[in-house]
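Sharing a structure, written as structure tokens. Questions coming.
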């Protein structure tokens, strides 16, 4: 919905707006996104985001790939948290097949998804620091993320496209000393949180750049269908891990951080607290790791019965949902990916009106979108 | 609220909508396929013309209060009868219940009233359905392609879409 | 008035704390691995470039079906005398331009003790021409 | 805080570093007071010239040429060192290594390689840029930096032009470089650099005032604008605190406030974080010097670092007692103090985020300016009551 352009007519002074293209080649749009800004001086009158530069047609691809092959494509949606994409696809197919993965598989899945959430929020923390102008937090965040990627590399073989969570369970059990390495990483991470708080969270210049900017009211958040940390930043306590617990989340005790008035600062603060919660969840999952095999019995050629289903999980960027219609042969008839970043980006055109140019970058960074997921 | 009670409250207000029954196992289906599965939610089929006031009723009625539009998508069917389904998934933040609404429209020149006024998230999702399936949404303020580039001809996600080889096919 | 000064104190204290963190990190050893001199050894399950074992492959096409991007093409060996297809391989080609290193082919391969198509630990491989991406193994 | 155990690489680096420092101190002691040395050489040259009956005018020109080349040579070497030093300091602060390969130990020749690369790069003039403005902008930014070094005291009596209005001269000349930035922003022709140029103009003009006003208390106490006089005034120990040297930074309230305001304003003057809105990477991509490449770009780079060295040199001269210090010769003390202040500049850059445009202006006009007035008031009162 393009807000109509307000013509500013001074009695004698005829100021006309300057059209500024933010992107698609721009360091702070986190990928290939173009925002057409109409500026009056430094104040923005209208903003129209333009997407589609990274559209790879995953929904068309899905229609001629078998169910296990689709996992490889799912890694490429939100490439910063491929584990969540794999998990949501496996949950959808397991719902169709009506099979329940064993206890140990659930625990392994929770560990991997939560570690992936920490890695994804670390990328947010680093790049948001750079958007506001501080360069050091980025390097510190990527140093921690490097440790997580090493853990993933040991367990699944790849650093970003894991393909680890499979339909009916997980690819393989943990390697021998993996749990020890994971625990030492968690200890290391716990010491880093106070440092992050002094470096960015407590920094008055940072607070001054983010407090009260890009305010998203609760009503706006709901009508724009915003989910995830952006919604919780506006104070609505909605987290799929608590509301519709999937793969044994109800066994873990963690609380859901919510912000107060939905500005960039709250969205940032919510993600930092979520990282701390994820560390707690991974610890509990590691303590209670049951024995037993890691895969349910799944036929080699998968033919789910007729029907349709909608499975959704709490991905780091919001509620990621898969709607599949199957007509009982080995390829899905129709797959639709409800991508949280695509829907969270819609609110950009209303929040940006009336802001300054340097706030555009702060607001866009605080929504934390990944273009792979926006364009699918 | 259970799907049945949901359906009855809606039925009292808007008469000509019908509930889509869950699919039963087709007689000759091989055993290993198992029973057809569908989410235990309410699936409602509504004619396109009645959709706008059904949507307004679902959103404003305090008992239902579907204030959150989770997803808008479409599906293209050739086999039993050529038709296209526009599928809405509605969710209520207060009552925490979900509901599917399907509008079946003809495959050529279909147009559905846009619900952009009620849920602003429909803006981009309806544009994506238009971009992929060619279903027009009247009342949409800015209906143009969102994922494909503007000069693209044809609706890519249709089952009978044939790709015109262009300079990218080496 | 007092609030004004306490605010100044709080702001400068927070700024100095931030500076202390970066100063502390200046004297700690760095994380960089200087690539040409020091090399990281990939873990045991690392998915490097694909390696194909010509002799053990029985041309059963399972890997071709399993590959999501259909980048494997192969031709079974036809015995010239009886022109019957044997369980041997004539040539086997992987188009690394399309391969996305997902290990599905290795998991689908039925050959016992060692799989005929599997991931090695190699990650240093570059080519100057697109055609070099189609790696072809020919069994004489 | 347990001191982390150092890796072999770090031990070796620490060894080499202490070796370099010991060598530098050795040279400093050997050379001793610079002016004495120069005076001796200068007498012998004059004697030679007198014998050959070389006219006096030629001698003056020769001395001027020598002084200019010494200053230009020193500045380019100092700037090259500072660029390399910033990359190493920022790297280690971010737990990485920075340049390691070029030139052997810790990549010391990295900046020389960069300079040569920039020299060889093609010098692109954008199509819709106005040629003259585009061409002159780097010159107007770069030349004032060098002019100001004429009046900078590198130790007691080692100063090329001992103006008695030294401080005023430096502030006036360094004001011109803002013009260069605006010309660069407008000359480039693209929207982003124009925004960058406008922002830089607004920022530099408004931070000039508190910067000048913060120096006024020192002039009032020292009684003259001559930099060497101010440095001399700071050399004896303070009467009531015997061990503390009489540097202006140790004056109870006046010294600290003016030191802080001067430091903050010089950071803002040189467009460095947290005030680098002119070339804010994330918003304006590279601000005013996006349209420059090759030699012109290196001029901007040189100008920025020359101004950083100039501001820290002035901070050392005004607040940390220029050349005064035990044992080592005065010019060596001046270099130590200046590079300490340069380290502060680097430290700020790699820790703080950037301030927003209007908050930055508000900070200057509503906070720094009133406090500099209060500072002058307090100094005045203290001078009368003393």
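By letter and in written order, the chains are A, B, C and D; residue numbering begins at 1 in each of them.
Convention: contacts are C-beta pairs under 8 Å (C-beta built on N, C-alpha and C of every residue); 3 or more make two chains touch, one makes a residue touch a chain.
As the structure is a computational prediction, the values presented were derived from the model and not from experiment.
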**OP:** Farthest from subunit A by Cα centre, which chain is it? Let me know.
**Re:** D
**OP:** Any chance you could check whether A-B or A-D wins on number of contacting C-beta pairs?
**Re:** A-B
Original post:
Measuring from the mean C-alpha position of subunit A to the mean C-alpha position of subunit B, what distance in angstrom results?
Top reply: 25
Subject >> Length of the line joining the C-alpha centres of subunit B and subunit C, rounded to whole Å >> reply: 40
Subject >> Distance between chain centroids, defined by C-alpha means - subunit A, subunit D (Å) >> reply: 45
Original post:
Can you give the whole-Å distance between the Cα centres of subunit B and subunit D?
Top reply: 66
Subject >> Overlap residues in subunit D, where contacts from two or more other chains coincide >> reply: 93-96, 350-352
Subject >> Set of subunit B residues in contact with two or more other chains >> reply: none
Original post:
Of all the residues in subunit C, which ones touch at least 2 other chains?
Top reply: 15, 18, 21-22, 25, 31
**OP:** Identify every two-chain combination in which the chains touch.
**Re:** A-B, A-C, A-D, C-D
Original post:
In their shared complex, at which residues does subunit C touch subunit A?
Top reply: 10-11, 14-15, 17-18, 20-22, 25, 31, 42-47, 66-69, 100-104, 119
Subject >> Residues of subunit A touching subunit B in the complex >> reply: 1-2, 51-52, 55, 57, 59-60, 95-98, 220, 222-226, 236, 238, 243, 299, 303-310, 312, 319, 321, 323, 325, 327-328, 333-334, 336, 338, 342-343, 345-347, 350, 375-376
**OP:** Spell out the residues on subunit C that touch subunit D in their complex, using ranges where they run on.
**Re:** 15, 18-19, 21-32, 34
**OP:** Mind listing the subunit D positions that touch subunit A in their complex?
**Re:** 90, 93-96, 191, 195, 273-274, 276-277, 280-283, 285, 350-359
Subject >> subunit C-facing residues of subunit D, complex >> reply: 1, 4, 6-7, 9-10, 89, 91-97, 100, 347-348, 350-352
